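Below you will find the structure I want to go over with you.
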Amino acid sequence: MEGIAIMTSGGDAAGMNPAVKCAVEYTIKKGFKPYLVRNGLRGLIDDKISEATRADVSGILHRGGTVLRSSRSTRFFEYEHRKTAYENLQKRNINKLIIIGGDGSFNALNQFYEDFKVPFAGIPATIDNDIPGTDYCLGVDTALNVIRESVDSIRDTATSFNRAFVIETMGRHCGYLAMTSALSSGAEICIAPELEYDLDSICKRLKEDCANGREYIIAIAAEGTNMAEYLTRWIQMNLDMDTRLTVLGHVQRGGSPTVRDRIMAYKFAVAAVDSLAAGNTNEIMIYKEGEFTGMPVHEVAGSKYKIDPDLIKLSAHLGK
Amino acid sequence: MEGIAIMTSGGDAAGMNPAVKCAVEYTIKKGFKPYLVRNGLRGLIDDKISEATRADVSGILHRGGTVLRSSRSTRFFEYEHRKTAYENLQKRNINKLIIIGGDGSFNALNQFYEDFKVPFAGIPATIDNDIPGTDYCLGVDTALNVIRESVDSIRDTATSFNRAFVIETMGRHCGYLAMTSALSSGAEICIAPELEYDLDSICKRLKEDCANGREYIIAIAAEGTNMAEYLTRWIQMNLDMDTRLTVLGHVQRGGSPTVRDRIMAYKFAVAAVDSLAAGNTNEIMIYKEGEFTGMPVHEVAGSKYKIDPDLIKLSAHLGK
Amino acid sequence: MEGIAIMTSGGDAAGMNPAVKCAVEYTIKKGFKPYLVRNGLRGLIDDKISEATRADVSGILHRGGTVLRSSRSTRFFEYEHRKTAYENLQKRNINKLIIIGGDGSFNALNQFYEDFKVPFAGIPATIDNDIPGTDYCLGVDTALNVIRESVDSIRDTATSFNRAFVIETMGRHCGYLAMTSALSSGAEICIAPELEYDLDSICKRLKEDCANGREYIIAIAAEGTNMAEYLTRWIQMNLDMDTRLTVLGHVQRGGSPTVRDRIMAYKFAVAAVDSLAAGNTNEIMIYKEGEFTGMPVHEVAGSKYKIDPDLIKLSAHLGK
Amino acid sequence: MEGIAIMTSGGDAAGMNPAVKCAVEYTIKKGFKPYLVRNGLRGLIDDKISEATRADVSGILHRGGTVLRSSRSTRFFEYEHRKTAYENLQKRNINKLIIIGGDGSFNALNQFYEDFKVPFAGIPATIDNDIPGTDYCLGVDTALNVIRESVDSIRDTATSFNRAFVIETMGRHCGYLAMTSALSSGAEICIAPELEYDLDSICKRLKEDCANGREYIIAIAAEGTNMAEYLTRWIQMNLDMDTRLTVLGHVQRGGSPTVRDRIMAYKFAVAAVDSLAAGNTNEIMIYKEGEFTGMPVHEVAGSKYKIDPDLIKLSAHLGK
């Protein structure tokens, strides 16, 4: 029987485990033999590959992170190591791969396909939500709800004093987490790469609000803007309010996957197995306008992520 | 200035409060005067209407239920009482309504429009997710995550013994909650109105699983199937396993809205105000294929809710 | 090296897993060889006993229920089966036992000691908090916080309507969960075995409150009083308020242990190993006036659980 | 009727709101007239004092922070301002005070007593748990459970890679939060003021563990040790493991109070009102060996906080 190997790669994200579980189960249903690769691309080279049973993936659905573990492998850039990886697959009759991760991982497997013609299907997973072509990446909903609980908790403290809080969310090049969190937690300021802001205008607005009784301020800044510390000092000086900075950090990555991340994981996994079963090569599964389809990896690699314009419209007032 | 009155009606759902907050703020932005109606349709008759300020809706974003309160009013079926409601609106120059609720509430306001030509925009909100035309109703994501935590908690107990648990979710005519919960919690059985099931086949499958080491069973049943008690006894007898029933009940309705319910609330509210501002009458806001649009209320009333066929496909094995 | 076998028995409770983990680690530290018994007393008979390593108990600290699993064994009542159990211990040089469970389990091991002189130390664990002699049993704090979140969730719905909710908590003979939950969630009524109540007086009080603006009622009833359904109808009729019943059920048992349950588990486990190491036989570890000590099992068996009188004093007004 | 004014002061802590609610209700029951002071000591000077009704404190039980708000007032150090505060109390016939806060606040009111003979009762509240004489301060249990959820979340990420995490908890002079969190989350390293540590020994231990299969490390450091950043670099270099730092920050202060914080709040509040009703002056309520009693403020001021020696014993191996 033909084998399909399933792996996670890149930064971990909630939803990876349910995707693995469903990929294994649906692979069996479609008549292939499922394999698990541990430690991401590094595991392909180091032969951490084993046949998967249903029992191997039972009880992982509600766990955060990835039980298959992940890695950032530089060896995979070298042909010699990729050749080893290929041989590890060959000896088990594994002819197809499913990879759950980000752009870097997809490109690595694309190169692998150029070398050895092993087709793969990619499932987008990153809490940054910045993979081109898809409206949703696994892990985002869980990260947003972890942030929400932290901001709700900080608000308790903020309202107990006359105090401002700047909260830094993850997001290197993409403000999706920051903007969505700012909106959904009712923040007064949001600083994100895609969002225009004008500190003078913000200052004027909040001075008026404070004059009208506003007693605390919540500001959200995306990590990638490098603005969190500056903003903290700026509020302290310009609005004359005791201001504290909280960097949420890796807390955002973890936590039991939300229902949305579990269901999206299932649907992405079914789409990935179907794509491979249909003989497609190197498609990234995308969720667009409510539908799941595949997109050639070179189109993903060749395009730039565009954030939901509605989100910018809804958040615009937080930068003014 | 023309007034828009905002109200909640029917069963409460998480997401109603963020929808109210955003509707008030966006109403102001679009140049109308916002009003709040307390106690649902009953409040229209009893004149529980007051102008809304930003301060009235601050600090409600993260609260479950509806701070405007709701009711089931039979008086609104009578013309005389509707006339009183109309006069209450007239004296404040309120010419438009936004109602956050379910079909019953939409139909009531449609009749009100027939009588007095006061247009309204409807925002679908019900944890049953069974309003025709829209893929999403406010409250569903929060309810699903409350159920998830309960099932995860019950699983701890189930795995500590050789034990089966039947968990009844809400859902009178619609199995959306039951099926989504069954999938996302890895249940072994799901009984829902839209799902075919065959107890003989289930029995055979689970007996095999138990022979292969399965030590506990989780079954999810939708309230509307009336099957939860029967299924409990059936598992006890046919699979010879100590079996307990848990009826989740009203716990499912409450809880702080998830990020998805907050963001969907914002987008629905913006769509509703825009619909009224554009001069549309009696549109229900719907979310379909990733887009927000309006649908005439008579189309909603004239059609039947159809559940996501992918969900049935993904869940089919839980009834076999 | 002398062996100590560790097991869980009776109803599962959060905190059992951290207790197992600490018992294993501290057993090693004190120079004994730790063993794990799976499936409770049944496992002693069926020889489900294995030596424990640190790795066996890593990653269990934050899990609800008991990974060692539990059972209710009737075979252990018979001498013949106890003899088998004894032989299973003998062949591994296991001379001491630690059991985490309730009175029934302690009495079973006391009989076992009468038969074969294998001393044990007991750690009280039951969400009912009704083991005589100790102020605290493992699992109680987690159960209370699960109930709190459910009641907070139901309150969202209650405040959205004019509505009363009756919530049934676990507790067969002991009202600890019900009273503590009623107090800590600000309920208006509490019905518990230890609490006097007078429905006429409650009716009078709440009618006055409703006249003064009270818009919803939360009532908590302990399972053991069998009053939840009656109370639901009674409120509906006497206070003329739409009233719903929620039976929390097994949701209360599960969930990741709270910090208190984890720390108490550690301290109980250290006390149990120390008790055995000191040569004591058949002591139940108790927490009393802020101290951990041991109490002979016959004293525990011979006394009756007495609820904290302060709790009754604080709750008294909820029955009047 | 004689008045009792109730206030919160110093850093906010979960449990302050239930303490305020119970203090008001029990003050009424004992025949006094309750008053609320907003904004802490600053509010005493600025006359932010109003009579309290039951309705004023309904619906605050489950809220984090303090609805009465707090402040750090330097004006209260000056006699002139204290005199103003005294006059504000006098004109309302307020002869007694209840203050919920830390040592600084207690000392301020002690000076106030020296000046004007207004007796007070203090309720210890600080997440640092470092007030001398009492085993428990309000807010600690909630803070510990917030930390627990963050660490459990970070562990998901840690186990997905070969990675170490250093997590900094609050605690300026006291390692209670850090040590309890390290124990209850199964951390491998703890750095706290009261705990001896030896990096060489830690290094040796963890190198062995890693050689035996350990794949990730969690370290907890108390803020007051200023060691978190150093430790992060140290692990990276000495254990050759990718290491990240997370500073939990103000997230730790907030969140809905746990059941323990709500119940302790009730008992402290009852003790405080009873102390004043009995004619005692300037007592701090303490929880010691399972009992609530009062301790003269000068004894509290004159002694040094001593951490639970059992906690040090249980944590000792985390510094070696």
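Note that the chains take the letters A, B, C and D in the order they are written out, and that residue 1 is the start of every chain.
Quick note on the criterion: a residue touches a chain if its C-beta (ideal position, glycine included) is under 8 Å from a C-beta of that chain, and two chains touch if they have at least 3 such contacts.
On a predicted model such as this, the values are computed, not experimentally measured, just so you know.
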{"item": "Labels of chains that are neighbours to chain B and to chain D", "value": "A, C"}
{"item": "Same-site or different-site touching of chain C by its copy chain D, using the half cut", "value": "same"}
{"item": "Chain at maximum distance from chain A, centres defined as averaged CA atoms", "value": "C"}
{"item": "Between chain C and chain A, distance of the C-alpha-averaged centres to the nearest whole Å", "value": "40"}
{"item": "Euclidean distance of C-alpha centroids - chain C vs chain D, Å", "value": "28"}
{"item": "Inter-centroid spacing, chain C versus chain B (mean Cα positions, whole Å)", "value": "36"}
{"item": "Residues of chain C touching at least two other chains", "value": "152, 155"}
{"item": "Parts of chain A lying in touch with chain B, wherever the complex brings them together", "value": "18, 21, 55, 58, 61-62, 135, 141, 144-145, 147-148, 152, 155, 180-181, 183-186, 213, 256, 258-260, 262-263, 266-267, 270, 288-291, 310, 314"}
{"item": "Contact footprint of chain A on chain D as seen in their complex", "value": "8, 12, 14, 63-66, 69-71, 146, 149-150, 152-157, 159-162, 165, 215, 244-251, 253-255"}
